[in-house]
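Following this message is one structure expressed as structure tokens.
Labels run A, B and C following the written order; every chain starts at residue 1.
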Amino acid sequence: MTSDNVIETHALAKRYGDVDAVHALSFQIRGPSITGFLGRNGAGKSSTIRMLLGMIKPTAGSGMVLGHRIDDPKQSLLIRRRTAYIGEEKGLYAYMTVEQLVRFTSSFYPDWRPDIEQRLLRMYQLPLRRKVKALSKGMRTKLALLLALSRRPALLILDEPTEGLDPVSIEELLQMLTGIAAEGTTVFFSSHQLAEVERIADSILIIERGRLVLDVSLDHLRENYRRVTAGFPARPPEAEFRLPGVERVRASGRQITVLASRNADAIVERARSLSAVSVEVEPVSLREIFLDAVRTDAPAEAR
Amino acid sequence: MPVLFQGLRYPPVAPPKLHRWWLCGTNRARQGRCVGCRLDKPKSTTVSYQWYSSVIFKLNPSSGQPLYLQLMQQVRHAVATGVLQDGDLMPGIRTLAEELVVSHNTVAKAYTELEHEGLLELRHGSGAYISAKRGVKSRADRVRAAQQRVRELVNSLQAEGLSNEEIFRLFEAEVLFPHDLPPRL
Amino acid sequence: MLWYKTWRENELRFLISALVLSGICTAAVLFERMFRAQLHATSAPLSSYAGYIYLRIYGGFARGTFLVLALVLGLGGLQRERAHGSTGFTLMLPVSRGRLTGVRAAVGLAEILALSLLPVILVPGLSPFVGESYPLSQSLQFSLLWVSFGSVVFAAAFLSSVIFTSEYSALAVSLAVFFIYPLVARLPPLRPYPLHIHYIMNGTGMAYFDPRTDLLVGPLPWTVLAGAVAITAALVAYAAVLTERQDF
């Protein structure tokens, strides 16, 4: 295990009864970068995050965060000292006021930065004397961010950070994430908002039913993923398109659509050699890739 | 729109020491002090910043081209059209990343590549400057400069008593057969 | 600051408990004449003021209330936070689960101590207002009994609050155990052993209590008290171990 990786897991697994929440998950994340962690509801994103943070214990496999083992309570403490986490519910102590919560949280971190705290308090215009339970979800998210960022964590993990926020707050949040990543914090966030992920992330991980189905940099994806649509005078032979890099072939009538993760040129070449009357090559959006990645296993679910 | 980017800098930025045209939206750097460069007033500055950067750089996450390449192309284009000129200070990596809401790695990669191309000069600690002195200067500018030199030469040759016909033939021969012996007149 | 959080979490419960207990003690002392007249009408006449105080406070009603309050104070913790969605935040703090549990237990036990000291202040302090007096030493000794067994009840509720996901089931189970336990302790094979916490606390049938004067006499059962402390410690320690192992 190298120390360059901010997060790395090896065959990480979590079982609840006979349900495989996470299965043989292996990935590495280098910092500082922004990684989007994608998957459908119940795909195992939260379980993975909670294992990384030592809240739940892996059934098998191992993982390291910032060079510390995730399954050792003592090392988990070291991880948590330099990692911030904002959960989906943004659950904070409802009975405390904003000021009390900030004081409370700051007492745990010797590297707390009062200057950042003050700036963020002013920027977010958080009402110091208001109780947390009286804050809107947007305000709560900002408060959670303030608590996370006022100590410059090495790693910031967010679970569905934009969930329930209005568009303005979402934009602010995304901008904040890019800003702190540029300051050296590695950002790892789960989201269903693919358009957001596509904008800010360096790379993405897609998991489906606990298994990693895609681990790719978005630059690579933009450069290499293509959808080739070819029209033929007669019904085209689908099998001819089973080339390396082809993820999916779909024929409808005389048209054939190929989703390729690389090698688009060869596919175009093949279409031409099969005397295609029209060939169109288009970039593929993250949305399509995501849907394709999680749909591949769809029949298994029906079983 | 005005509230959109209000108060977002993280961590809060120190007031700029240098004029930042992309921040204030004016281009008065060469004329001395810029009155627009006041980060203390985020309302006016960030809004014009947003306007400015959206004019220059627009990244399309789903265009099938890596974002850093898009950014590089747009910088090149801005230099070619003269919107960015030699010596202009580019936004810092973090600032631009935040404004475009893309990863800093994207901006960093574009800047590094542009530096390799010689279009950008990364000065340690002070920022990234457009370097368009040679090669990358806009074609129109170079033609304009060449025209000036040719005009001066033609004028002096005329003053020496050469006819327009002779001057024209000299230029033609020089362009078409540069390595031949000088033509006898 | 963990102390602060823990205190804030059960501040209200504690203040209400303190208010209830002080109310009972104060009313018992200040309205002594009225209550005694009532008692006189319904049951055998009380021999003394000490007997009256024993009946109202150290022997019966106030003591029972105190134990129920101790039980309520034992609830809460991470399972309760799960219901409020703040577990993620708490567990991200750079403190071990053991410490989280330890601080909660410590704050709770301190509150039990504070509650058990209320009658010490109120009973001997208010008695002169009704022209009576109650020995401070008696109050202190009873308090010692209260705090020891209040802690046991607290620790049992504390453990159930760690085990059960829902706070209501934790409360229900604790209450059920609380009411069934004395019945079990009174079963003939168990009778010879000092297991009945109510009897130990009010001295029923114990050598250190004189039922004629309703006063504590002779040395307190130190081994039993030490046993109570040990049981408390064991229950809290077990709760800490469980918390450490829990998945959330």
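Keep in mind that, in the parts below, contacts are C-beta pairs under 8 Å (C-beta built on N, C-alpha and C of every residue); 3 or more make two chains touch, one makes a residue touch a chain.
Being a predicted model, the structure only gives us computed values, none of them experimental.
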*Taking all protein C-alpha atoms shown, work out their mean, then name the chain whose own C-alpha mean is nearest to it.*
A
*Which chain's centre, taken as the mean of its Cα atoms, is farthest from the centre of subunit A?*
C
*How many angstrom between the C-alpha centroids of subunit C and subunit A?*
50
*If you average the Cα atoms of subunit A and of subunit B to get two centres, how far apart are those centres in Å?*
36
*asked:* Could you work out how far the Cα centre of subunit B sits from that of subunit C, in whole Å?
replied: 78
*Provide the residue numbers of subunit A that touch subunit C in the complex, in ascending order.*
50, 53-57, 73-74, 77, 80-81, 83-85, 87, 89, 91-96, 100, 103-105, 107-109, 144
_List of subunit B residues in touch with subunit A within their complex_ = 3-5, 7-12, 61-68, 93-94, 97-107
_Touching residues of subunit A toward subunit B in the complex: what are they?_
32-34, 113, 115-116, 119-120, 122-125, 149, 168, 171-172, 174-176, 178-183, 195, 198-202, 218-219, 222-223, 225-226, 282-286
*Within the complex, which stretch of subunit C touches subunit A?*
1, 4-5, 8-9, 81, 84-89, 91-97, 244, 247-248
